[in-house]
Amino acid sequence: MTDQKTLSHLDLETPEKPFLDANELVINMGPQHPATHGVLRVILRLDGEKVLGLECVIGYLHRGVEKIGEHRTYTMFNPYVDRMDYVAAVSNGLGYCETVEKLLNVEAPPRAQHVRVILTELNRIASHQLWLGTHALDIGAITPLFYTFRDREEILKIFEKYCGARLTTHAFRIGGLQYETYAGFEKEVKNFLDFFRPKIDEYEELLTSNRIWVERTKGVGKISAQDCIALGVTGPVLRASGVKWDLRKAQPYACYKNFDFEIPIGQNGDTYDRYLVRMVEMRQSVRIIQQAVDALPEGPIMAKVPKVMKPPAGEVYHSIEAPKGELGYFIVSDGSTQPYRLRVRPPSFVNLQALDQMCRGQLVADVIAVIGTLDIVLGEVDR
Amino acid sequence: MPPVTLTTSGFSRRVQKAKMQSMLHITTLHYLVLGAALFLLGVIGVLTRRNVVIVLMSIELILNAVNLNLVAFSHYWQSMPARVGGGPTALHGQIFSIFVITDAAAEAAVGLGILIAFFRNKETVNIDEVNLLKW
Amino acid sequence: MQSVIQYITSYLGSNQTPGAAGNLFWVFVYIMLVFGGLSVAVIAMNWLERKILAHMQVRLGPMRVGPHGLLQPIADALKLLLKEDLIPADADRVIFWAAPFMVVLAAFTVFVVVPFGPTHAITDMNIGILFMLGVSSLSVLGIVMAGWASNSHYPLIGALRSSAQMVSYEVAMGMAVVSVILMTSLNAAGTGTLSMIGIVQAQLAQHEWFIFKFFPLGLIAFFIFAVAMVAETNRAPFDLAEAESELTAGFHTEYSGFRWSLFFLAEYSAMIAVSSIAVTLWLGGWLRPFPNMLAGAGWEQFFSFIPGTSFLFLAALCFYSTARMPKHPYFRIQTIGLAGFGAVLGLVGLILFIPPVRAWVQDIFWFSAKVAGFMYLYIWYRGTFPRYRFDQLMKMGWKVLLPMGLGILILTAGVALYQQNLWHP
Amino acid sequence: MAPVATPFFFYLLSALMLAGGILVITRKNPVHSALALITTLLAQAAIYLMLYAPFVAGVQIILYAGGIMVLFLFVIMLVSIDRSIKERQFNSQWLIGVVAATALGGLFIAVYTKGTDLFPGQATLAAAEGDNTQRLASLLYGQYMFSFEIASLLLLVAIIGAVVMAKKRI
């Protein structure tokens, strides 16, 4: 098939001649390992410390989210999507709600869309903060973790005040929002932005020009734009390889086309570039939120949707730019209250398959750095 | 440090008579016997073991036995009068033992390097298998 | 009985170390004192590291066990001693059992020659610094044994990394040390010394700490040693052997309870040991700041008050925290405990003002203060730096520090020859 | 410092050394052999101290126990030893080897008993150990300068040889 053809140049199966045949070491990294970000199990084939190849074993956190979706009504399934990428629950909800809206052919009112953008971008910042903290921890810098968690708390406070939950927010409804923003929401978001801008500089001060950090990340886990596209890698990983592809610009959803922001891209496609891309993305998110809060319109927050949703028979695919990459939902409706088939295209799952390609020929320590830089969430990989 | 006194000229036969006393009086001969025993252990190891690593270790034993003799003799010479070449500066044995240690380091490095190359090609560490000049 | 007392008191007048005087009783007393002090230092270091690191990372650190978590190390020690002592089924039991003791032995034996003062060392060896480097290099054997005996992949990789790292950095370390030994030979006789006490006395005689000698040669040598000693003790940013995010815990992954705590003890005492080498070689050992420049009875008086004052300062800090404790009855015991701790510190400070004690404790105080500075550096590194990768570490050791060390050695020798007027081209 | 209980320490250390030596040549597992050898080397360093050779003792610890033996352990871990442990440990000529060694031992015994007259009966105290290192240094860099340079050349050759041997292909 065409896929085979595109993948053939990757040459994933070619075995390398090991240095000491008898000394080839097979190491099980995980599922209980401090640096695999959950229950990922990586089987490493090592020559000394050099990685000859690796294989990911996933499924330790499989809960059958897609199957559950086929047995719930459209509304009832909405909270489940929060449990996939639990550090970016708002994005998951946005993707799902927009997909069903597309199926129902309704559109959320402008105010709802603005609030959605604000919360989603806040969540992007929170997700990137968590990534930064854990990634730095993997590479050995323990302090950034505490800084980012301290600042992430402010975002979670806003979520908590808005919808009562911090992690699995369930913030959006099909057709708009359930809750009007609380009094002082705009002020608090603006306060957060003012508070957060210098904090990014603080993180960068600790890492960006740190000699050891640069040595540990530059040239590590390189992946070319061609390989990225062939493997279906999206999000910051793709952009760091130099492909200017962001669904917020490429296929604008919500009200992103109203806002002015840049898409950062890297050049080398290494861990350092991915780090820089995500740092700039945080700054751009701040910019988007600022514009969205300033232009927050008055009006209704819920479009007219029937109480019992029976979308017309047909299928729809809609994807958004989640913090980790393209998050797509594919829903087949047979006209009943429940989807006939529901399929999620999670960014972490697709990005994870680039791990082998990125780690070949590197050292064990680099595998850790690369797993960190892919920013995977096992809840989303396994679903 | 108590003053050093030379009670005998070095070629004494008196002590030898009292066997028990000689056991409790540590002389150069004691060190030499210890060195000889260690040397024999090393020789047996080299001649009988099949594992190259252990053969190399036995060679280290032999070198150490030699070193022990050298240092013991150096100690002995230090107590000799200066007119026969002794005296406190007669440290030639110790110097020689330092050279022997240097030599041992070089031998271990090269020997283990050869061992690695051998193991990579034959996947064994048995010395019996080393029966070709080139493999 | 009389002779026993006489044997004990005969040492008091001498100005030698007990080892050199050959007085077994005092040797034993000094061993007890040094190792007791070392254990207390390790416990204090454990608490301080957690608190300082916590404050660097905008959190509080241990707060529950005792006021400000002061009793936390004791609670931890109790927990470790009561934990089940696991030995993996396929482990080599004898070596697994012996490895932690080997490491502890190497880390503790080093302190035999550490000079806390001109007479306050267990013994002074003619080959002091060589002995310290040699014995501390034995700890690598224990680490290799632990990694191999666990019969597991992570410890094995950790042990291989650690041994390669320690052996490579020892070379650069040796170069830096030799340049100091060259500096000690700048006297009338032209003979240097390897003795730890001799090195400090050479600094006193030359009116200069060796870190400032032949500026910037001494400083660069010190820098090389300061980097190598962090690598030698497997601490961040060179903690590859126990990199918790890569190898879970490196060579001691399979260890638990008491044996694990032995590794912990050895790591911290090794840190103190290499810091005391650095202090002795470059920072003037027990000498107070400016012993020559600010000499005279007045200055002597002034500097002799500093130990007591610093203890009083700590006591004041304790009382300040006591005043800030919550007034709720729930905290009453903690408040009283903190006040008591402050009172003890204050009492120690006052005792240090008594004239004979004041004169007696000077050397030990300055030595410990300098070592404590290094300990703070260790914690600071850990809070700031990411971890090096193994090949980068090796590259740094062999391609940066070793050539630098060689260059410094040659330059130092050249300058020393020039100063001694031995240079006749 | 005057030596304390010299005979006791001599016999203790000799016993340690001989036990270590026997273990070296009899253990199946090379790691155990290496550890036994380390015991022997450390005991020997202590014996050097008894012989008033502190510098040689220091070199023995730092180079042998800290350097060479770590190299040995490193290599043992690099080559897999699981299979060699299960194999026969002694080669087919072991009997001849033992006989030859016994003959050599007999020779030693003969020499040491017949030639006792040649050896000093009394252990004597050497001069102050205090300047042992300085004296060694002036000998090493004076009279033995040429040998010293040759030794460093030997080390250089050994390093290059070891690197070439351990390279990927020969």
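When the chains are written out, they are named A, B, C and D in that same order, and each has its own residue count from 1.
FYI, a contact is a pair of C-beta atoms (placed from the backbone, for glycine too) under 8 Å apart; a residue touches a chain by one contact, two chains touch by 3 or more.
Fair warning: this is a prediction, and the values are worked out from it, not measured in the lab.
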| item | value |
| --- | --- |
| Top chain pair, ranked by how many C-beta pairs fall in contact | B-D |
| Central chain of the complex, centres being mean CA coordinates | C |
| Chain of greatest Cα-centre distance to chain B | A |
| Chain centre separation (chain B, chain C; CA means) in Å | 36 |
| For chain B paired with chain D, centre-to-centre distance based on mean C-alpha positions, whole Å | 6 |
| Gap in Å, rounded to a whole number, between the CA centres of chain D and chain A | 61 |
| Between chain B and chain A, distance of the C-alpha-averaged centres to the nearest whole Å | 67 |
| Residues of chain C whose C-beta touches two or more other chains | none |
| Sequence positions of chain B contacting 2 or more other chains | 119 |
| Multi-chain contact sites of chain D, meaning residues that touch two or more partners | 1-2, 55, 59, 67, 71, 78-79, 130, 132 |
| Chain C partner contacts - residues on chain A that touch it in the complex | 25, 27, 33-35, 49, 136-143, 145-147, 150, 206-207, 210, 212-213, 215-216, 363-366, 368 |
| Touch list for chain C against partner chain A, complex | 53, 56-59, 153-154, 157, 161, 236-237, 239-240, 243-248, 382-392 |
| Chain D-touching residues of chain C, taken from the complex the two chains share | 19-20, 22, 24, 92, 95, 98, 123, 125-127, 130-131, 133-135, 137-138, 140-141, 144-145, 148, 156, 159-160, 163-164, 167, 170, 191-192, 194 |
| Touching residues (chain side chain D, partner chain C) in the complex | 1-2, 4, 29, 31-32, 35, 38, 54-55, 57-59, 61-62, 65-67, 69-71, 73-74, 77, 129-134 |
| List of chain D residues in touch with chain B within their complex | 1-2, 6-7, 10, 14, 17-18, 21-22, 24-25, 27, 30, 33-34, 37, 40-41, 44, 47-48, 50-53, 55-56, 59-60, 63-64, 67-68, 71-72, 75-76, 78-79, 81, 83-84, 87-94, 96-98, 100-101, 104-105, 108, 112, 116-117, 119-128, 130, 132, 135-136, 139-140, 144, 147, 151, 154-155, 157-159, 161-166, 170 |
